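In the two assemblies presented below, chain A is common to both, partnered first by chain B and then by chain C.
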Partner chain A sequence: MNPQALMDGLVAGSMIGLGAVGITLTYSILRFANFAHGELISSGAYFALLVASALGALFGGMSTPIGPFSFGWAVPVAAVVAFALNGALALLIDWLLFGRLRRQSATIIIMVMASFGAALTLRSLLEFIFTSSPAYYSRSLQIANSLGGGIRATPDQLLSLLVAAILVVAIHILLTRTAIGRSMRAVSENPQLAGVVGIEVRQVIRVVWLLGAGLAAVAGVTAGVLVQIRPQMGFDLLLPLFAAAILGGIGSVPGAMLAGLIVGLSEAIAVQLVGAEWRAAIAFVILVAVLLFRPQGLFGRAE
Partner chain B sequence: MAGGGDIMLSTGALVAGYERDLPIVRGVDFSVRRGELVVVLGPNGAGKSTFVKAIAGLVPIHSGAVMLDGSDVTAVPTHQKVRHGLAFVPQTENIFATLSIHDNLLVAAQILPKDRRARRVADLYAMFPDLAVKPARRAGALSGGQRQMLAVARALIVEPSVLILDEPSAGLSPKIVFEVFERLKAINATGVTIILVEQNVKAALAIADRAVILVEGQLRHEGKAAGLMDDPLIAELYLGARPHKDAHR
Partner chain C sequence: MNLELIAYGAFFLTMALTYAIIALGLNVQWGQTGLFNVGIAGFVAIGAYTSALLTTPDDPNRFGGFDLPIFVGWIGGAITASIASFLIGALTIRLRADYLAIATFGVAVVVQLAALNLEPLTGGPFGVGFIPRPFAELAGNPLAFGLLNLAVLSLVVGSTYLLLERLARSPWGRVLRSVREDEQAALALGKNATKFRLQAFALGGGIMGLAGATQAHFIGFIAPENYLPILTFQVWAMLIVGGSGNNRGAILGAVLVWGIWAASAGIVSAIVPPEQQARAAALQIVMIGVALCAILLVRPRGILGEERMISRHLGKLRTPSPTANSSADRKA
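Moving on to the complex of A and B:
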């Protein structure tokens, strides 16, 4: 096996992990599988593209690549703005759709079907606005540097790993050391009791949407920097995202990240061993295996 | 501790239930005086838990009013009621099992000003020393009695004026029930008004000032707790006690 598969798997896995963290947060607190999360990855990437393009047009110097990277300051600034814009989009979707269904005490299956509807609408909207042609933050080419042991990586790839690691640690600290994090964990376990102790559950739900969609935006920007931006990009990641969220254990942020890396590595190794056409099947195999043998995931607790 | 004459909490013609067409609580007029410990009794399915859940905001109120210390809190959302001084300990799932003991207390202390939180948590550890032994321990790993103590500590952390407990003795051994009730008595002695829903009639009446009896969602009797068990008709009809021999003669 080519050792390069390890780096390819880690890079893909970090993107999957970031998306899976968003899924695990929304799943544990909103209590339904949000199939529109993939589209939030795409919308985040496009928000960043719009902002980066505008910044590039207004301040030409912001498009000049920073050091060894392929992109200029416009992209990291755009990623921060996209984090907020994508959060606002998620809040809008919640206000228009999921919030209304919650107030009607909709069943989980109705929420899931509504999320399918939201996904289709969002994807069609992105295709209508941006067309299905791929877009790029930068067209600069990067040469992968040798890291030893037959492994090569571009500076962009190494940065994406670093960003994913920083974000996961930050979210973990937020959940375990802060008041809002404790509130999120409390609502995740028992929303009724959370209300009794004085937590405003709706406020926590808003924070979860903001955070989940913000992380989806970062995953989208990372995917856009490393590969390309397409309206379909989030949908293509959906199965690996859910496989990682469930393998990690619903509600576990470190679990989702670790599982994302496992799914990414498994896919990359499968490409080497059995061929690229089996890549998509790997996430499905992992998903089914986890549901059959350890439904609580790696870090979840058995009911 | 029997308090003065002023009303701390009251309900007026309270109608509540999960569905509007099927009210479980049907027009209950109830009041508890400041510093009083009142026990709500009644047979299974009488609507006792629904009654206190409606007061806490967990069950829809269809008509009537809930007054807390002179303020109408009928439409106040659940999460705001604790800010009005109303703390509620549900019968089951009354702690966050996946959180540590310490986080259970901290999450409840969040509504307090930042500079008071740490001191209140320390106060509660002093009041419930068992909880202070391993504060990082997962709350779900505690025994039934310890869980109940944590639930009470969690409720007390905001220094409530009214504490409502829904069957705190459920599933506990007689020895632990005695300890829990002794603790409630001590809490009441500090001035906290307590409303206690109980099936363990004897133990509850032993610490209560007054008792009310709900039957089929309606208040059928209220009076002093002392001697209630000796009332043969009340005991036979509502409390499940064996009728007094003399009552049949």
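Moving on to the complex of A and C:
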């Protein structure tokens, strides 16, 4: 087998992991499988594209590549802005749709269906605004450096791994060491009880949307830098995201990241063995295997 | 001119009725049992491809076809789709409610992938052509052809409807609703909730497969892009608009939503310049998506809403009176 598959798998897996952390947070705290999470990845990528193009047009110097990377300062700045904008978008959707359904005490499945409707609406809206042809942050080419052992990686790929690692550690610390993190875990355990002991549940829900959508934006920007930006990009990632979130155990941030890497590596290895056209089926195979043998996931608790 | 209009009307209604069958299948799963299926397109595709494989003339470039009669293909499509639903249901129904949704979503992705890549079986991206159409020998007379096909489809929808109504009013149907409304109570009464859910899911999947098969034979050609997630979405919109839990609502919703869809597609192609049509089509989906979410928020019951159903034996126990509540309930 080609050792390069390991590198490609890790890079793809770190993106899946970032998205899966968002899914696992919204899943465990808002208590429904959010089918619109893939579209939050796409919208994050497009927010960053808008900001980066605007910055590039205003300040020409911001588009010139930084050091070994393919993009200029416009992209990291745009990623930070996209983190916030995407969080605002998620809050807007929650205010328009999910929050109202929560107040009507809709069942979980109605929430899932609403997220399904929101996903299609958002994806088609992106397709309407930006058309379905792919877009790029930068068109400059990069040379992959050899890391030894027959593995090559571009500076962009290595940076994306580093960013993913930093973000996951940061989220983990936020959840385990801060007051808001404790509140989040309390709401995830039992929202009624958390409300009774004085935790502001609505505040927690807002933080969850901000974090989940923000991480989705980072995953979208990374995917946009490494591959390309399309309205379908998030939808194509949705099945791997769910597979990773369930494999990691719903609610477990390190589990989601680790499972994301596992899904990414399995996809890359399977592409070598059975051909790239079957890539999308790998996540399904993993999902079925997890549901058969360990439905609570690697780090989840049995119900 | 009038004859053409009638022929078009027959074509439109026949298409709408194929969707009505899918919506009836979804109503068994969601409306009556509360099982969320995000992979409708996958189960419809399984039915369509199975039937196409069984009934097309032999093709040296792929496996089959077996040149069997059309109704054998329809039954085969329904059975295969039912088996697929049974398997995916057996895997997930005992777990949390939304795992079924995620798994069915996976089914749709994988079926789409298989249709694209298993060229020896499915014809790959070019699909399967020359699927025998009922009354194909009358194709020269569009009016007779259209009306006869409409009659066949009406017969299929009608018999599916009667069967499902019968089932919904049977003890089996009442257990399904009790499982949906209060699983603990159903369990306490000794009903095996998982078993009933699984039966309903397999039955609904089989009906979706039948719908896929009839649709394939009506059009005469199938390809992977007929079974994109938008199909799933349309059928959901149909059931929610018509009123989930109500079989007549499923049929009404199918005709209505398909009508709106066809009309808006017609308007888009008439007024939007060709190079912008892909964008306009996206906007069409946005409209339907917003409408679906709005209905979930404002009128979750849909147009007709769920019928209150009681045992058909219950009415006989009381003194027959035209004003008795039980008979009024059944007609409501």
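Here, the second predicted complex is superposed on the first by the 303 of 303 C-alpha atoms of A that agree within 3 Å, B and C clash if a C-alpha of one lies under 4 Å from a C-alpha of the other, contacts with A are read in each partner's own complex, and residues count from 1 in each chain.
The working rule: a contact is a pair of C-beta atoms (placed from the backbone, for glycine too) under 8 Å apart; a residue touches a chain by one contact, two chains touch by 3 or more.
Everything quoted here is computed from the prediction, not taken from an experiment.
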- Answer with clash or fit: chain B and chain C placed together on chain A by superposition. fit
- Using the touch definition from the top, say if A:185 reaches chain B (first), chain C (second), both or neither. first
- Query: Now for A:287: first (chain B), second (chain C), both, or neither, which partner does it touch?
  - Reply: second
- Message: How many degrees, to the nearest 10, separate the directions from chain A's C-alpha centre towards those of chain B and chain C?
- Response: 90
- Item | Partner chain(s) touched by A:201 [first = chain B, second = chain C, both, neither] | first
- Message: If you tally the residues of chain A touched by each partner, is the higher count for chain B or for chain C?
- Response: C
- Message: Which partner chains sit in contact with A:162 here, chain B, chain C, both or neither? Use first/second/both/neither.
- Response: neither
- Figure out whether A:147 sits in contact with chain B (first) or chain C (second), or with both, or with neither. neither
- Classify the contacts of A:92 with the two partner chains as first (chain B alone), second (chain C alone), both, or neither. neither
- Message: On the combined arrangement from the superposition, state the nearest Cα-Cα distance between chain B and chain C in Å.
- Response: 16
- Within their complex, chain B touches chain A through residues 56-58, 77-80, 82-83, 88, 90, 93-99, 103, 106-108, 110-111, 154, 158
- Quick one: which bits of chain C touch chain A in the complex? Just the residue numbers, please. 34, 36, 38, 91-92, 95-99, 101-103, 105-107, 109-110, 113-114, 116-117, 229-230, 233, 236, 240, 278-280, 282-286, 288-290, 292-293, 296-297, 300
- Note on the structure: In the complex, chain A touches chain B at residues 179, 182-183, 185-186, 188-190, 192-201, 301
- Note on the structure: Within their complex, chain A touches chain C through residues 32-33, 35, 97, 100-101, 104, 106-110, 112-114, 116-118, 120-121, 124-125, 127-128, 131-132, 235, 238-239, 242-243, 246, 277-278, 280-281, 283-284, 287-288, 291-292, 295, 303
